[in-house]
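The two complexes that follow have chain A in common; it is paired with chain B in the first and with chain C in the second.
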Partner chain A sequence: MNELLLQGLINGIILGMIYALIGLGLNVVFGVLRVVNFAHGEFIILGSYAAYFLQRLLGLSPFLAMPLIFASFGVLGYLMYFVLIRRLAKSDDPEHSSLLVMFGVSIALGALMLLFFEADSRSLAYSFDPPFLMFGSVIIPTTKLVALGVVLAITAVLAFFLYRTLPGKALRAITMNRDAVQIVGVDLEQLSAMTLGLGLGLAGVTGVLVAMIFPAFSPFIGQDYTLIGFIVIVLGGLGHPVGAIVGGIIFGLTEQTAQVYMNGSIASLMGFLLLIGVILVRPTGIFGREAMK
Partner chain B sequence: MVDNTRKTQLGTTAKPVIWGVIVIVLAVTFATVPFVTGNLSFMFYMMLWMTMATAFNFVAGLAGYMPFGYVAFYGVGAYATGILYKTAGLPIVVSLIGAGAAGIAVALIMAPTLRLRGVYFGIVSLAIALAAKLIISLLPPKIAGGSMGLILSSANNPKAAYYTMFIVLMLALATGTWLFFSRTGTALRAMRDDREAAEVVGVNVVRTRLKAWVAAAVFPAFAGGIEAWYTNAIDLESSFNLLVTAKSIVYAMAGGLGYLIGPIVGSSLLYGVDHLIWQKFPTLNLLLLGIVIVALILAMPRGIVGAFAQRFSRLRKYIP
Partner chain C sequence: MLRVEGLIKQFGGLRALDGLEFELPERSILGVLGMNGSGKTTMLNCINGLYHATEGSITLNGNDLIGLNPAQVFRRGVGRTFQVPRVFSQMTLWENLAVPLLSIKMTRRDKDALRTKWLKKVELYDLRHNFAEELSGGQQKLLELARIMVSEPRLVLLDEPFAGVNPSLARLLINVIREMPKETGCSVILVSHDLTSIYELSDDIIVMHEGRLLAHGDAEAVKSNPDVIEAYLGA
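So, the complex of A and B:
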């Protein structure tokens, strides 16, 4: 096989798993809360900044920073639920209202980061020894491989949580049928708040990984990541964790193999066209349910 | 039986009359500005945002769609004007009509997405806007200026641009009047509230919402083109800026979606505030916009006019 193509495919799978993580965070929140977190990308970048400053000021390695960031973003999400989201459930149009509230949050968060951190791009200085690993003629940076490992670990833990623990099963139950869950005695409020915490925690950790893998980040680049998240979850089906993984890999592969043959902008365009195509042909995505008006 | 018909008649004729008075006041205010001051900028942009918010209301307030890629029409209109004027050498007025045509074309291309549910529709329209931006950036620089954009210096005529914007605003208000008071408007509201029931009563859902959609698309396209004429510069970042969508949404919602005067109230108040903030605290501008959006939806989801109508519900039949 063409070497470049093979490189592109492998890059695609690795990046696809990162994209899948973004999608997982979005999906968890949407499935349970029915809220599309427009600000997910901004929280990811906030996580990147957190990792950056934890390293600059406290000398913490990104790996140690991850659980810290997960915990603090988790608490932030939990509180945010009670401040922002709970009131919306009673409004005329909860779906659009939550979309717009998170839209406002994304703009405000980006502006806050700009104010505090300035517009310069930052990058996380972290390298492994050896920096590259060679598999035959394919070069893979060690960072990417380690990040892949981390993503797989996180996905495994998340799967364990969702399928083997009681709160996790309750979350999945809420995704399936909100009303029935209350009859059975699940505390919807607490779980919803916890889910938002989980979603933001995942976003923060994704941010650390993003800082490690991508060359640089700046306050407003979050929008690009939010969009990637949307593409992934629409491909896989809104609300379906497995769908996010499949969607992420498909999108990663499409983007990276397109980059082998065409220039960067066209590769991005491919991504959007893929999204538009999938929404029009099968709006529910690969695993989702109803979506038509 | 008490004769309530007279009261109802007053109510139903009062609404158009009140609206007519408002339109006349607006028309007189904007038309006379160039005779009073040389600084057209504030009022020009006020008219621009009123047009954008009013047109956004067609599809969001009357039909219930939230196009997050609204800026696509604006950007396409701006670039259509630029390309037609600069590269094809057509006079500016023809270029502007071309902008409107481009807006309609994009709307028709996007028509199949109208059958999607709220969230999906929002996401796909955002993707289409970004795809449009990418496609234009990939066009040969001779036609579309690449990342440097286009400059229209030889068409510089701020007063003419101002009055063209005025005409477009009046057209937008007229379209709004037609949509609102006609059977199409009633059909749209029926669709927004309960689609299946509307279909049962005989509303042609697909055709009706297409009308609202095209109406909502042509005005931002004109606005984009006229703004390009006014400022003489077109570039990707400002023509396809997410903020254009954000401001349209906020100004329309702040006033109140679904009401004709909602976008007028919203844009005049918020654009004024925005302008003030720009002058005093430029760096906080974006942050405040985000906070305003959040606060608005949490505290006044129906907007100022909506909250007013809720509080004084007996006056509702007088509010256009």
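So, the complex of A and C:
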């Protein structure tokens, strides 16, 4: 196989798993709350800044920062549910009303980050020794490989939580039938708040990984990640956790292998063309069941 | 004992329930008849907390159910099925029966015993590892019934359990419902258009018309009630 193509495939899988993590956070929240978290990308960037300042001020490594950021973002999400989301979840059309409210949150968060962190791009100063690993003729940055390991571990823990624990089973039941869950005694309010906490916690951890593997971040790029998240969940199927993983990998592979043969701008377009193709052929996504609105 | 007093439910200008009153003793089955729009399902929705009553009181063994949400009503011992079964389609039958037990403190062994018992009763035990979406509509109704019975409710609300169910599964449903009060001590409110099943199963029958009680009594009294004949049976 062409060495460049092989390199592109490996990069595609690694980046695809990061994209999958973005989609997972969005999908879990949408599946349970029917809330479209348009501010997911801003929370990712907030996670990047949190890792940056924890390292700079406390000397904390990004790996130690991850559980702290997950927990603090989780609490933020839990509280945010009661302050902002609870009313939306009860509205006749939570998808549309939440889209508008979360779009407002996205703009507000971007502006606040600009105010507090300024417009300059920042980088997380973290490297491994050796910085690259060679597998034959394929070179993989150690940071990306470690990030892949972290994403796989998070995905495994999340899968265990959703399929093997009682709260996880209840969350899955909510995504299948919200009314039926209520009439069998599941506390919808607590689980909904917990889910938003989980979604924001995942966004925070994704932010740490993004800061580790991409050269820089700034307050302006949150919506890029939200867009990637939406592409991933549209490809994989709205509200389906496995769909997010498959969608992320497909998008990552398309984007990165296209870069082998085309210039960067056109390669980026390939992912969007794929999205349009999937919408035309299978509007519910690969794992989706209901037609999207 | 369920006691419903002066129950009113108003939707804007429409009074769906208009001063409904009845009592349901323990271990008994109350059949509910009425034409479409007479308020039968609205009454069930008010009892299990899906709707909040505009006025009136609903008490179960002295505990007020008014103002509680469906999850809280469930924890006070009220189980409910729907006309169109609402199973967890992408879960196995075994997992479906685990969900109502999430909020109940009991050993895992006891929970498994209850799940086994009720899946066997509705003759779905051999399919316990299948996904609920693989079941027929009638089987999904049986699964929904088993799913509420594992929580050992004091009051069971059944909304059109026989609608769209083939005769052999309907017979199985009738047999299971008949045994439930004797076996578990629960009471049942059975809403159905199927007169034969209502007459066969019910200790007592109420007939609703435009949100009010038109008649109340045993099968013979209801059948011979002139108001019922005029308004509902039409013959």
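We adopt the following convention: the second predicted complex is superposed on the first by the 287 of 293 C-alpha atoms of A that agree within 3 Å, B and C clash if a C-alpha of one lies under 4 Å from a C-alpha of the other, contacts with A are read in each partner's own complex, and residues count from 1 in each chain.
Here is the rule we use: contacts are C-beta pairs under 8 Å (C-beta built on N, C-alpha and C of every residue); 3 or more make two chains touch, one makes a residue touch a chain.
Because the structure is a prediction, the values reported are computed rather than measured.
After alignment on the shared chain A, the placement of chain B and chain C results in a side-by-side fit free of clashes. By the document's definition of touching, of the two partners only chain B reaches A:Ile107; chain C does not. Comparing chain B with chain C, the partner in contact with more residues of chain A is B. By the touch criterion defined above, A:Ser265 reaches chain B but does not reach chain C. Per the superposed model, the minimal spacing between any CA atom of chain B and any CA atom of chain C is 14 Å. Common to the chain B-facing and chain C-facing surfaces of chain A is no residue whatsoever.
Listed in rising order, the residues of chain A touching chain C in the complex are 166, 169-170, 172-173, 176-177, 179-188. Chain contact summary for the complex, chain B toward chain A: residues 66, 68, 112-124, 126-128, 130-131, 134-135, 137-138, 195, 242, 246, 249, 253, 283-284, 286-287, 289-294, 296-298, 301-302. Considering their complex, residues 48, 50, 69-71, 74-75, 79-80, 82, 86-91, 95, 98-100, 102-104, 147-148, 151 of chain C touch chain A. In the complex of the two chains, the chain A residues touching chain B come out as 36, 84, 87-88, 91-93, 95-97, 99-101, 103-112, 114-115, 223, 227, 230-231, 234, 238, 265-266, 268-269, 272-273, 275-276, 279-280, 283, 290-293.
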